[in-house]
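What follows is a pair of complexes built around chain A, which joins chain B in one and chain C in the other.
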Partner chain A sequence: MPKEKKIRVLIAKVGCDIHERGALTLLTTFRDEGMEAIYTGRYQTPKGVANAAVSEDVDVIALSDHTGSLPIIAEAVLAELKKLGVTDMPIIAGGLLTQEDVKVLERMGVTGNYGPGTPMDVILTHIRNVAC
Partner chain B sequence: MEVFLHNLTGIPRVDEAISLMKARNIRGLTRAISIVENYEEGRDALLNDAFQRASEACFTLGFTGAPGVGKSTLVNAVIRHYRRSGKTVGVMAVDPTSPFSGGAVLGDRIRMQEHNPDNGVYIRSLASRKALGGLSEATKYALYLYKAFGFDVIIVETLGVGQDEIDVARYVDVTTVLLVPGYGDTIQMAKAGIMEIADLFVINKSDRPGADLLKKQVQNILYMKAEKERPPVLNTIADQNEGIDDVMEAIAEVRQRKALQGQERHRKRIVEEIRSSVLTRLAGDAEPHLDEMAGKVLTLSMTPIEAAELIIRRIQKGCLEDDEKNSI
Partner chain C sequence: MANIEAKVDRKAGHMVRTATQSGLELKPFYNAEDINHLSYEKDIGDPGAFPFTRGLYPEMYRDRLWLKSFIVSYATAEETNQAFRNYIANGLTDLRLLCDLPTQAGIDPDHPSAWNSMMCGGVATYAIPVYEKMLEGLPLGEAIFEFAHAGMSSFLYFYGLLVAVMENKGIDLQTLRGNSINDPIRTKLVYGCPDFPTKLDRRICLDHIEYSIRNTPNWRPIAPNGVDPCQGGMDAIKELGGCLAVATQVMTDLAARGIAIDDFGAMVFALDAESDFFETIVKFRLARKMWAKIAREKFGAKTKRAMQLKIGIRTSGLSLTSQKPLNNAARVTLQILSCVLGGVNSLDASSIDEAIGLPSLEARIFNLDTQHIITHEANVPLVADPLGGSYYVEWLTSRMEQEVNSYLQEIESRGGIFACLETGWLNEVMEAGRLKVQREKAENKRLIVGVNSFREEGEEGPINKAIRDIAYKSPSLAAREAMVAEVKAFKAGRDKKRLAPLMKEVYRATKENRNTQRPVIEAAKAGMTIGECVGVIRMGAGYNYDPLKEIETPEFVREIVKE
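Up next is the complex of A and B:
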């Protein structure tokens, strides 16, 4: 049988951010691009996101947040992943970001830190690059 | 017992996946499912190992029904029920693959998110991918992996359209079919073969009008079954946790009743599993010949039936050659 590797992405939202449109748009776009997209739902804890990412054996975690907390969220999720023994899972982030946030995130190894209005193609190309 | 164990570096290969599973480390299971889904190297070895260690003590439950009837919401409540008595739960939630892109939105997890931080619950979303008439291949095999891992309870959620729900019933101990008021009529259910496979009917969204009427209609259809075998029909409002205790009680009763026919059911299941493995293998072997044969049929040098015959002969010949090589 042929190899059937599909890119699996977990779209995750941590904390008290109500904005869901970005996450939902990503879900359907990823599906239409032949990926398997899983959504945690809103108001997750970092531990919940780490458990979900490991359980689903995803290739990438995409963090979405519009409260200006992405660096804090990413750090907490990375710490929880580490507790599970996972140190190599790519994380990308998108939503509300300052230039300072981007620098902090990149230092943690979080890439593709996209703000509003980023063309979908840029995000897709980035995911395909980090997923393999 | 904790399902999640810590400390692991790097991505395990097949051998590592197996030993991690033996150590009850969830990363072993999660990796094993991916190996099966993606037809990675070592898949057969992994499945053979799982089959040998699969525990028949695990209680397996199937939930099926039309899109949006509340399967995930009910499963969420059922998980909660088992967690209260400390049982570990493994969930397999299947959502459809888009026939256009081959991608999928796997959304069942959203309804079960309260269990994300719980180390006694494992939830995996699976896309149906290419299901050869029924439950996706990966789902069937993942069930072995779950059994080898040894959860107390294993739950499978599948979309109930056509063949799928009939398939799931062959693989689990107790099958629950969900219906909602105001969603087609009972004739359609009879056509789809749903009535035959349900051990239990749940009328969910009973906060909506028509729930009692639907219950009566379903009971009427079931009336022709012998009283001992008649599936219970229960009302729930899953998102308000209403009626769940009754469902759990009914499931326990059905389980006891069916345990009596355990041997026979087990045998049937094995037959089905072998059949499905054979068909998948054959479909894979036929695949490389299909384009060429389609060409011949299009140029009218052959009928589709003759083309199929030729492919079968080629596959058989391939087998003979293999046998000869082995015997030398």
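Up next is the complex of A and C:
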């Protein structure tokens, strides 16, 4: 059986959101599951996230935000990726989301869109699906 | 479907643990032998008597109920003002002020990094006109205010704005009541706030306290915060230990500025009401007891007031779930009850829709009504410390005291709370706590209803759906664009001739190691923004202007700091 390539995930936070527990929980869970997970830390710019995703050659970006701004953040990150010529990077999102936010994000091609307390197995299965 | 027989499992929903949330193992029952070692006078005492385990006042809630408070902070000053009015009409007695997240990080709305969180979590209170609008018609001088911000610059600046607004209206500063969190450990440990480095945080914290003690004696200028570290992964023992360590360090630092504990007066802690009912109650009783002892034994407090610890609560947002949000009503109700049984002084309860967005009006009226029901229908607050003397509660209070004391000794042996922050040790402790909980949940040793147990398949019902839909929505792009334009117009329209020397004084006070609070009040009156306040203080202390290193120092600030 060929050795499976490790999935590389960039967990990212954009703007001044201070809520970090979700991102940190994902970080340890992904690593425990044998993925290569990188966390940008807080107070990042969309450009910084796009650059990190490209230079780290990740398979998927996981955006975390608890300010209700995920659609705005995702749009900005997508625009920065496009500037770098990347149009097929899978992006998943999680945090505070209204039903309307989820619809907007799905239209942009952002998937997952999980609220707080989502079971980890659900997120892991989804990452494995979008990353390959 | 109809021909499948329903089976009853007598073990269904059975308990999975025998320890409290922070891991203290419990016996199935407790009796007199378990509390043999305790003395009623020394360890417990009547309400109103040292060590205040049973409460601060003999009459307790008959004399004054706990303050009912909320952080009220929506996207605009107008909405926030209106919301305060609505809540006041429904029994709110304590107004918790906040601002949006970029402001808490110490940057203005026209900073490039503000965009993605602008007007989220609150008003972009970048300068005095916004504050005046937000507080318009609210009873300054009668209400009680609390500052719940994250960055240390916020306490210096927003206390400055509040004082400026009062002075402009001719209101006596003696009537300013309330508190600032102003906790220099929590700001970095939990939030990693970029505004100031820790060394500067520590000094600004003392500037605010010193000015406030001398000029606004009814303002409590620090409330060591356990809520946020607890939400970040600390358990009840380390939450309380951390607060005691911060309070002890700050009182020691204040002594060097000539402020003794009896000048300082009562201490306030901002504590978390977690889901573990008895452990939470015990934590509040123990917090009062331990601070009273430290105040008297370590700092030689002579006045009763200086031995008293007031407890302000924020119930656990982390305990709320976005799955079956109706269940949050049960969680919050139990947390509120634990606060009342634990004799707290002010209470900010989380809302049932808080795992989805900022709380809606209706969800918050529910919180106030829950407190009214506990008071008037359940008659809970009629008698102080109703659990006092319970074998279990007294044993657990004493057991937790041992644990908190060993944690405090460990902090001490590592060079004190600031050394523990700067070496990263506190962060390791918090991370270990977070991982422990995560593991317990994954292994079903800690059940969260609707999340890792008692889940339901299929579509959710209409009540849960409705809760999901009422949560407050974050501001649109157009609203954010309008805000950036507003700030730019405000900055351009100020009287720079009046502002410049006042901002220079903030810079010089920082540089010459004088108290920065009064200069900040004066410059804020002339229109200095939060971002400028942070910038000139940073420059006065020898750092660059922008904490996020994205923008250049504005031209007029460069002129100001020229010697």
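Methods note: the second predicted complex is superposed on the first by the 128 of 132 C-alpha atoms of A that agree within 3 Å, B and C clash if a C-alpha of one lies under 4 Å from a C-alpha of the other, contacts with A are read in each partner's own complex, and residues count from 1 in each chain.
As a convention for this text, a residue touches a chain if its C-beta (ideal position, glycine included) is under 8 Å from a C-beta of that chain, and two chains touch if they have at least 3 such contacts.
As the structure is a prediction and not an experimental result, all values here were calculated from the model.
When both complexes are superposed on chain A, chain B and chain C fit side by side without a clash. Legend: residue contacts after superposition of the two complexes on their common chain; A:108 is shown touching neither chain B nor chain C. When the shared chain is aligned, chain C comes close enough to touch A:21, but chain B does not.
When both complexes are overlaid on chain A, the residue A:51 reaches chain B alone and has no touch with chain C. Rounded to the nearest 10, the angle made at the CA centre of chain A by the CA centres of chain B and chain C in the overlaid structures is 100 degrees. Within the superposed three-chain model, A:98 lies in touch with chain C and out of touch with chain B [touch as defined at top]. Of the two partner chains placed around the shared chain by superposition, neither chain B nor chain C is touched by A:130. In the superposed model, A:35 lies in contact with chain B only, and not with chain C. Residue contacts after overlaying the shared chain place A:88 against chain B, while chain C stays out of touching range. Between chain B and chain C, the smallest C-alpha to C-alpha distance in the superposed model amounts to 8 Å.
With the contact threshold set out at the top, residues 28, 41, 45 of chain A are in contact with chain B in one structure and with chain C in the other.
Interface of chain C with chain A (complex): residues 100-102, 104-105, 107, 112-117, 120-121, 150, 190-194, 231-233, 318, 320-323, 355-358, 431, 434-435, 438, 442, 448, 450-452, 468-469, 471-474, 477, 548, 550. Residue ranges of chain A in contact with chain C, taken from their complex: 14-18, 20-21, 24-25, 28-29, 41-43, 45-46, 67-69, 72-73, 76, 96-100, 115-120.
Interface of chain A with chain B (complex): residues 1-6, 27-28, 30-41, 44-45, 47-49, 51-52, 54-57, 83-88.
Every residue of chain B that touches chain A in the complex is listed here, in rising order: 4, 6-11, 26-27, 30-31, 33-34, 37-40, 98, 100-107, 109-110, 113, 116-117, 119, 122-125, 127, 129-130, 280, 284, 287.
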